[in-house]
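In the two assemblies presented below, subunit A is common to both, partnered first by subunit B and then by subunit C.
This part shows the complex of A and B:
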């Protein structure tokens, strides 16, 4: 190393920081900042309640990872299970995220993913049981179709009530959730329960209808490959078809879309039906890949986690798989933290909530960047004023 | 409203106001020459505003405004006028340079701080709570209280007192929802004055006013300045600068392009400063003298009430032939918007017939809109940002909105609604439109909200014309559009007319109506009250009909209808109440517009109400 290092690196680092500040000021690349901030605050909170905060923190961050080094016993099985659980969870959440995000793009704030998922799963299971004698080539497509149709139809309802009767889709989709969950329990316990199960549940699905595991020891199925494809398809539909164009226009500027003669009513119904379709697929994932049967007490409420995923992805379908993975990873990390350390799981829930709060505070980072840039310019640094002047976009 | 309150901007109370303000002055008369130390003097020194995105909206602007002065800030859209105003009102902070008040640098972080320092803003669209009374709106934010409750009686007294002192004839007890747009603006002005403004900023205040109302407002502003307030008038109407201001500053591209005492320069010079080149005044082009043709648009005895019941159309009969522009003049809110909505298919006529090329327009809502579009109706909506574009979508996506399901935007051969968009084709098509219309844009993929008003309107017009409409309904086509783009839009409208389409031009800009239209109809309270050949009428006469001073009870605007006779002008008996400005119209028009010497500035605190 020579000692004659010029001051150039310092200057370019300054310029780099300036560029970074400007990007953040314009609202670009703020998600990592939000995550980092949430994790930092979370660490501070952990330090308050834990005797060994660093270890607890590492458990949260690395807990779900499988171990790759070869110890005396090879891989630790428990770690694969937790890793698998994170991926399984991510698949469900990604599909539910799509179920929320697509209606959202048409400005339909539906909360009905839960009900659509329940009924979609039930339809898929009923189809699989009815076609138990057929090979997988028939059973699986038929079950998929059933899940999508029933989920989509249940999703269509709030959209239809919105355009036909002006009913708030928030209220109708929530009410339809209640109806769907009770309908699910009624049908399951009255007509589909397996007397030999020992608890109220459907019979086990025939082997032909089960989705096999890609990773041994987990329930990670081919859905892992299907989800990014579905997200891509949803994005392509939005970006590259007439219907997707109408959907975005209706969501961004409804009065404009109306005056342009776009089929507003049809588009609204399409958006909620598409959402239902994805929620139905989430149901199929739960029944066919994770559980192998449907218990009557299938826990409700997962649909609202889809809302968080959609929010993290800012309703961009292409970002949803990653957002779902991130969120599922945090959830699994929370389990690891809870099991392996003295930190209660409640703390993990708090940190998850913090991440969401930071993400939705869209203007926080641009504001901070602007303040920082002003502070630097006052200290005489080459701050934001180094841009090429581009007047004329004011007012 | 009492009888005395029927004339906003009434000149009668100016004497009372003079006394009130003169008495409150604690500065010895004539002792303070206008200079850096004069109380209430506002100055900007090399003020720049750069947004975090890198946009330099205001660049090294310096100007100064003294009490007793009306200072006009002029410039095209995007010149930085609004940004300067926002900085002066604490909505934005300068990135560099100083704002000084009475020589001391100030830094307002919120409008509240700016107001406390004596700034007052009357925005272009005054935001009021419709269900509140005038008094409640005016005291909002600094309510007189009795215990935890609003002291309504004191509020009314205080507001009435302010209104009296400043000659604003508004009844504090009237709910704002009953006021016209012009009166609502007067409430905005009253609010700023009531908050103790020493420096009054008005953002394009005459955009919503009839000529007589505008003239009266100018007279009032002149008077406030003469009584010691400083008035900053943001405008792009050169006539207003000439009429009322002492000095003006021209902004172009965020910089000061020129500044002068108004009496030293002529209109043409100001216009050249604004656009950066000399502007040739347009003159009305006589329409091709062909015999009467069959109408493209025909409306017969149409009557309709809008959902809110605020606007109506009554017994409206009009026709427009192909190759003709029919102008609609009227004070805003007199049914023009409803007329445009009926033609666009949003609202169905309750009685009467509307047809385009002989095809009756039926249905309403989505079906009505599609029927109207299928019949060949295109529209430039009045509220461009809300109805004309999807602001956050790209220029391309906005430009293809009326063709989103057909070639060349959709690939040929792919049927139906899930047809794949041909993004390349759409981009090429858009690039062609942008080139044709001379739209300045970084790229067709940037959000359309980044365009200036003029460029945005060019995109909207390009889109609407692209399908060769039979009828174009143009509502306020050049509102908020700079002079250069305005000319080009006018040429396009003229070209569309010459190609054989019918154009309905609804505009508050009478010069525009007179320059473009073949015939002009005046609307008041949902009726036609006058019908003129554009070549034989002037702004003053239109103004008399717009404000209800005159009224032609038999006015129709079909192709065979007679024009409203020149004399006698029948004072409107049947239309009540007439537009509130009417009685003062003539006096306002004849009011002297030469600036008088600034009077002694008054002390800020004394101007406020006890």
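This part shows the complex of A and C:
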């Protein structure tokens, strides 16, 4: 790559795109550009198979918006179902994003949020069913505690295997996912299934245990308030406490942290356990706010979608609720698109994959800028110098 | 009495081979890329696209060239499957090696891409989001050895259930093991691959084309995982289902770790995982809970990783950092 030359005095306006790409190469504005690029590629793919790609994309981007309508009794909120779905989803995704982001900050690459969520949900439901006769004041805190404890314990395992046995947390957490999903199905179908349900599922949760809806007509619960608080708490923990300092130090410079005498092993385990705790809470949200019971075929794989949230937020806890909302909005838009047009909602998975790819590709945009500049100079337009991307910017 | 037992054993061996084949292919792919220092978590997605494009390619070929025999349609489908898996592997390689994307994150993205794209295209082309059951898609050609009717157990072993013969990929699986062995032990590429994985900087200094080796490793793992995928949708079962790979790609990754990154160990681990899958279906037939045997592969892998770690800890510690160097 060429070294940085002094800025061109009269960069033509036609070089604007190159300049933009260069900025992005320096780490500014990667996210919007990646999002736009992912949507664009997704649109191109849709146009290949759909008869109405424009209408589909319009549905994707505006579908989840609620509608304010002046009715006979004043302003009414309409079309809240999809909007509510986006918010509900955002809550789950934000918790899963926190579950991925915190271990990430300690350089622990756990992919185990799925299993932690399954077992956390199961523990919460078991607790709620066992305490069905008690008032909400007892049932809900006990269920929360159960979800956090079990999720946290399952999250602790990859961290423990890492520090005790040097095992790759990527592989152990993937294995623990496989175990957890089977364990979930075994326990649920063997000991917790409701014979009257018609399908294999736990009995419905008692009213005292279910999280009430804040917005009528949706499943948006008090977790909506809890999630930003949790994200804020996680950020404060990282920024202001000594445990958070150790966590960041272990993540950024493990050797330095060890030489400083920081408790590296304990910090690694803390990070993965904290991640598990948040994943357990996500499980509780799924069971207690969204479904009201747990079916045996609860779809696996949601944990991986926490990854995109963590990446979008660049592993900053405070940014995670917004990133989750953005992604949940896209997912709800996918539902609107599926209902209104011939494009299935799985398109959103493709867009998500593209977002991940574009966001983590540190050299993609600088490379593009370089290629563009070369192409311009070959065509005789004013050459625009390229800038060496600073390697430490991303993450 | 002995006859029934030999029949049962032959049936179990056939079931074991059937269950092992897709995992083995993917595990070989995982091994090749892992030796080159590229942990490929996208095997799941690679299998999925191969399974899907195999079926779609065969159906498309039948529409375009109805005069060709069915086996030709199937082979065209198989070719399409391999191309699709190679294309996805190439995409992963380009994003990792050219654009600096983290391999694990990009691999997970590939899995999401494959899961989304297959269902998206299936819904658009077939009009169904669950499976391609409405389409008539062929199986890959099978090899049938005639004249074994006198030896029922041997017939079952060689020609499979119903005497239809084993589909091509199942017979290719042992050949693939041999091919990987040859590649690793008998060609300079094997040494280069290992050198690339052990210490890329040193390998580069020694004149080994590191980047090209990594490309080759990822593409090879794509082709091998693709063979596993095509076996799923064009072997005994002749349709594509959403999420058909069902975690086999991750099991393949585990097989490499359980097999201590050696070919023999990886093959044995794949057989073990195949056996636990057989156990799960057998127990399921007896109205037992199939979940326990399904838990076996990951638990065995976890235990093996713990044991390997304990053994490593007893040795004098080399200068390896405890924390992975992944940003």
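Assume the second predicted complex is superposed on the first by the 303 of 395 C-alpha atoms of A that agree within 3 Å, B and C clash if a C-alpha of one lies under 4 Å from a C-alpha of the other, contacts with A are read in each partner's own complex, and residues count from 1 in each chain.
In the analysis below, a residue touches a chain if its C-beta (ideal position, glycine included) is under 8 Å from a C-beta of that chain, and two chains touch if they have at least 3 such contacts.
Here the structure is a predicted model, which is why all the values come from computation and not from measurement.
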Query - Touched partner set for A:264, first subunit B, second subunit C, both or neither - result: both
Requested in this report: Based on the superposed arrangement, let me know which partner A:164 touches: subunit B (first), subunit C (second), both, or neither?
Outcome: second
Query raised in the report: subunit B or subunit C: which reaches more residues on subunit A?
Result: C
Report task. For A:255, decide between first (touching subunit B), second (touching subunit C), both and neither. Result -> both
**Report entry** First (subunit B), second (subunit C), both or neither touched by A:370
**Finding:** first
Query raised in the report: Where does A:357 make contact in the superposed view: on subunit B (first), on subunit C (second), on both, or on neither?
Result: second
Query raised in the report: Which of the two partners, first being subunit B and second being subunit C, lies in contact with A:243: first, second, both, or neither?
Result: first
Requested in this report: Go through the superposed model and pick first if A:339 touches only subunit B, second if only subunit C, both, or neither.
Outcome: neither
**Report entry** Common ground on subunit A, meaning residues reached by subunit C in one complex and by subunit B in the other
**Finding:** 255, 264-265, 394-395
Report summary line: subunit A partner, complex, touching residues on subunit B are 49-50, 52-59, 77-83, 95-96, 253-255, 344, 346, 366, 369-370, 373, 379, 381, 386-393, 397, 400-402, 404-405, 409-410, 417-421, 423, 450, 452
Query raised in the report: For subunit A, which residues are in contact with subunit B within the complex?
Result: 21-22, 25-26, 237, 239-246, 248-249, 252-253, 255-266, 366, 369-370, 373-374, 377, 384-385, 387-395
Query raised in the report: Across the complex, what residues on subunit C touch subunit A?
Result: 39, 41, 95, 98-102, 104-106, 108-113, 115-117, 119-121, 123-125, 129, 247, 250-251, 253-254, 257, 289, 291-292, 294-295, 297-299, 301-302, 305-306, 308-310, 312-313, 320-324, 326-327
Query raised in the report: What residues on subunit A touch subunit C, complex-wise?
Result: 45, 49-50, 107, 109, 111, 161-172, 174-179, 182-183, 185-186, 189-190, 250, 254-255, 264-265, 268, 301, 304-305, 307, 311, 342-344, 346-350, 352-354, 356-357, 360-364, 367, 394-395
